[in-house]
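Below you'll find the structures, each written out as structure tokens.
Heads up, the next two complexes both have chain A, just with different partners, chain B and then chain C.
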Partner chain A sequence: MIQQKVVEPEHLFFPAEREKMFITGSEAVKEAIKRANVDMAISYPITPQSESMHLVGDIYAEGYLREYFRGENEFAVMSAVAGASMGGVRVFTATGGPGTLRAFEIFSTWAGARLPIVCGFMTRGVNSPLTIQPDTIEMAFMLDTGIIMLHAENAQDLYEMILKAFVIAEKTDVHIPVGVFVDGFFVTHTRDKVEVAPPDIKLPPYDPYSAPVPVMDMENVPVRQMRDPFVMKSNFISYAAHASWQQEVLAAAERARKYIYKYLGGLVEAENADADILVITSGTAASQSREAIAQARQAGLNAGLVKIKSIRPFPAEEIKELTRKAKAVIVPEFNRAGWLCRELKAVVEDNTKVLGGPRVFGGMTMPPELILSEIRRCAK
Partner chain B sequence: MNKKIYIRMSGLGGQGVVTAAHILGTAATRDGKESTVNPFFGAEKRLAPTESYVRISPERIYEKGEVLFPNIIMIFHPDVITLGKCYTMPFFAGLQPGGKVLINADTPLELNGDDLEELAQLNAQIFYIPATRIASEIGGTELSTNMAMLGGLMGIADLVSYEALTESLQERFSGGKFVASGTTAALDDILKSKYEKVAQLVEKNKEVIEKAAAAVKRYDFNSQAEGGREINSVCCG
Partner chain C sequence: MSAKLYRVQAGPEGYLPPAAASMGVMLPEEGESLVEGRIVPEEEAMQKIAEKILAAQNPVFFPGPLILWAWKEGVAEKAKAVKELAESAGAKIIPMPDYRPKYPMINPAEEINPNHPNLTIWHNKIDVCVFVGVHCHYANVALKIIRGGTDCYTIALCGEAGHEDAMITLRDAGLVKIRELTEIVSQMKGGA
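Here is the complex of A and B:
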């Protein structure tokens, strides 16, 4: 194993002297994992994620991880990752698009078993028709699996969020999985400036006794539930246990809010939030919106941006507050379903001012001009 | 250069379109500018349409994905135009007024009348360069076509310094650190096998870049009636 000095998370995240690199999003994943003190990583290739886990394999070969192998498919990988996490080690994996769907059942299993797994989701379009290009539709499906969902805007976000995800996931009062979502190709394959901590320091190791549930105890939940599921017994106690356990998982995500504030500076990030026209979005669509808003301001239009960093837990109160005075809310999205628009409509007080779109799907980029024309329309 | 310059490179899989963008973007950041680089391709295969995009600016660049409104378009293979092996139709879609198009072809292509008219209206500058020929003759391999195209770009636009370009070329091929897909890694191996040492690869490709910069010819729109003669002189950006 490579010798690295264990430092407090706060030291790794904040004051440590940072080095500027010109790297892709996939390389930013490698840089994060290098400093994350990960015990084990399991991979399965799917574009646009393949490079990320390939690079994690490279640093395993260099001695940064204790174990790494390729699974049989995404379902097998996510199941194996669950086993590793139940065994009490820090574990990382990544997938995307059809891979996410293939493994789908296991994400709820992770959350239900209170496993602090960190998984990268390099989003891409989902069949059919077949595409490998960027699209965030899979995030719509993931909303109610019980996992925490962070959405990175760029490679810098991706690096930070992966490292911080481990710390948030492993808090005793949270202890559920964190998915770090990032738009495939737009971030994974784009070379950009990223500032990283020195490579000779890393996070403290995972302490399995921080778990709120017994580690690999066959007689207690959550393993007991799998060995001897409540569903086998149709009585009141089993129903009540099941219902209360699910509420506890939801409550764990709620309790993550304070840590998201502490480490990520909040669930949202706002720029010119007093503006009449607010663009509210996440991921790459936030980057496209920044350009559009800069152009709008030059043209004398009063527009602001709210970037949502945490999709689960959702910043309901923050959004309610931020949108109270706005005249119009524009929601650019890289998917056809408009899941973020639905989420916003559910929390904005007067939701008639929430305008869905522009939406781009199927793999093309979203020209900032498209968002700008929407801003102009609202300004009329 | 005080403003954003957006470059779209269109070519065929295996021609080094992605590598050229990587080297150019790295050079721009070495020169102290902001740059982002990203590719666009389908399931990876040789000769399939491949594009990459380089954005260079004095300020932070947020915009991601394909460059839809380029200032400069680089066409790495005539098939991009003649067979439509391109993600945009026509190949110059979105070209900004006064923009430049650099085409790898030994002789000017027969563009259709509508396209020529539109390009003329845009006040576009079209340049031709026999990049594949220069790569074969000077570099000893067609795999240096991308370097010849970068050389051509140096001849028509002042974007990066020769020093930074050479350094990023060196960095791309000398370290063991570069991460490439299986196909790109295989092509890297073939390219390296053409030379005894990486230093020689860098030297030869530097020569390709310099020769290519001097070999660009500007197309004269007015002469299209006479078969599209070119202005027989080296041009500067």
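Here is the complex of A and C:
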């Protein structure tokens, strides 16, 4: 193993002197994992994720990780990752698009088993019909799996969110998986300036003995640990236990809010939040919206931006407060489902002012002019 | 009920009570505790715990696996301190040795299980219970079920971040705090 100094997360995240690099999103994943004190990473290729786990393999060869291998498919990888986490090690993997869907059953299994796994999701279209191009539709499917969902706008976000996700996921009162989602290609395959901490420091190791469930360590109690499902019993007591268990998984995500505030500065970021017209979005759609809003303000239109960083837990109270005075809410999205618009309509007090779109998908880009024309329409 | 009005109180609360965390109850920070969903100074919560245990008809401690086995240094000492606390308060001890669902094989006179805790509470007519040394997930699963189906007042002495689903919770409850609680109980008994 390569020699790195263990430092407090707060030092690594904030005061540590940072070096500016010009790197791709995939390389930002590598830089985050290099400093995350990860025990094990398991990979399986799928575009546009393949490069990130390939680069994690490279740093394994350099001695930054204890173990790394390729599984036989995404379902196998996510299952193996679950086993590693149950065994008490810090583990990382990544996938995207059809890979996410192929492994789908295991994400709720991770959450149900209270496993603090961190997984990168480099989103792309699914087979509807087949495409490898950018699209965030898989996030619609992931909303109710029980995992925490962070959405990165750019490579800097991706670096920060992956590194901080380990610390958030491993808090005893949270201890559920964190998915860090990023728009494939737009971020993974483009270069950006990213500020990173020195490579000779890393996070403290994961302490599985503070977990809210027993680590599968046969040397420690209770050896007869069970995270059994209750399917073998058909009675009210078993149903009630299962229900309470599920509630506890959701409660864990609620408890993550304060840590998302502490480490990521909040669940949302707002610019010109008092504006009449608010554009609320996440991921790279936030970058396009920022440009559209700059153009709108130059044209004398009063528009603001709310970037949502945490999809689960969802910033319901923040959104309710931010949208109270707005006359219109525009929701640009890179998918056909409009999942973010649905989420917003569920929490904005007068949801008739929430306008779904513009939406692009199947690999289409979203020109800022598309958002600007919505702003103009709302301003009339 | 509005999340802001939610209070964690003795039940029976109903068919499926919510997780207190989902109703806006937040865990205490260091030096703080929760009493019925409200943040209070730790000293106040310790007084309240002593009052509740001493006023109970049948208080029972539920020690979990984390203090039933000497799996790391300091655990045996803490377990002894918990036993002294229970004895000093005149409380019984019923262990939670593991977490696998055992219904209907459980003997409720001898053990408690997090998946069906009410069997033990009903059988022994327990009106105040104290969770200690139970892994947090299983404690919360059980605490909600107890609140739903019984009128038992729940207290959680947690070595980690605490439990919103207990009516009173201490966080970071190590050896020092357990002994301090024993001292408060002894003083309160002496003064009664």
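Just so we're on the same page, the second predicted complex is superposed on the first by the 367 of 380 C-alpha atoms of A that agree within 3 Å, B and C clash if a C-alpha of one lies under 4 Å from a C-alpha of the other, contacts with A are read in each partner's own complex, and residues count from 1 in each chain.
Assume a residue touches a chain if its C-beta (ideal position, glycine included) is under 8 Å from a C-beta of that chain, and two chains touch if they have at least 3 such contacts.
This one's a predicted model, so the numbers in the text were calculated from it and none came from an experiment.
Undergrad: Tell me which partner A:173 touches in the superposition: chain B (first), chain C (second), both or neither.
TA: second
Undergrad: Looking at the overlay, does A:191 come into contact with chain B only (first), chain C only (second), both, or neither?
TA: Only chain B; A:191 stays clear of chain C.
Undergrad: Does chain B (first) or chain C (second) touch A:98, or do both, or does neither?
TA: neither
Undergrad: After the superposition on A, what does A:146 contact: first (chain B), second (chain C), both or neither?
TA: So A:146 meets neither chain B nor chain C here.
Undergrad: Using the superposition on chain A described above, determine whether A:112 touches chain B (first), chain C (second), both, or neither.
TA: neither
Undergrad: By the touch definition at the top of the document, which applies to A:315: first (chain B), second (chain C), both, or neither?
TA: The answer is neither, since A:315 touches no partner chain.
Undergrad: In the complex of these two chains, what residues of chain A are touching chain C?
TA: Chain A reaches chain C through residues 114, 171-173, 175, 209-214, 219-222, 224-226, 228, 230, 233, 235, 237-238, 240-241, 243-245, 247-248, 250-252, 254-255, 258.
Undergrad: Mind pulling up the chain B residues that touch chain A in the complex?
TA: Per the touch definition, chain B meets chain A at residues 22, 25-26, 29, 34-40, 42-43, 62-66, 68-69, 179, 181.
Undergrad: Where on chain A is chain B touching in the complex?
TA: Counting only chain A, the residues touching chain B are 22, 24, 26-27, 47, 51, 54-55, 58, 132, 134, 154, 183, 185-187, 189-193, 284, 287-288, 290-291, 364-369.
Undergrad: For chain C, which residues are in contact with chain A within the complex?
TA: 16, 18-22, 26-27, 65-66, 68-69, 71-72, 97-101, 103, 114-116, 119, 135-138, 140-142, 144-145, 148-149, 160-162, 164
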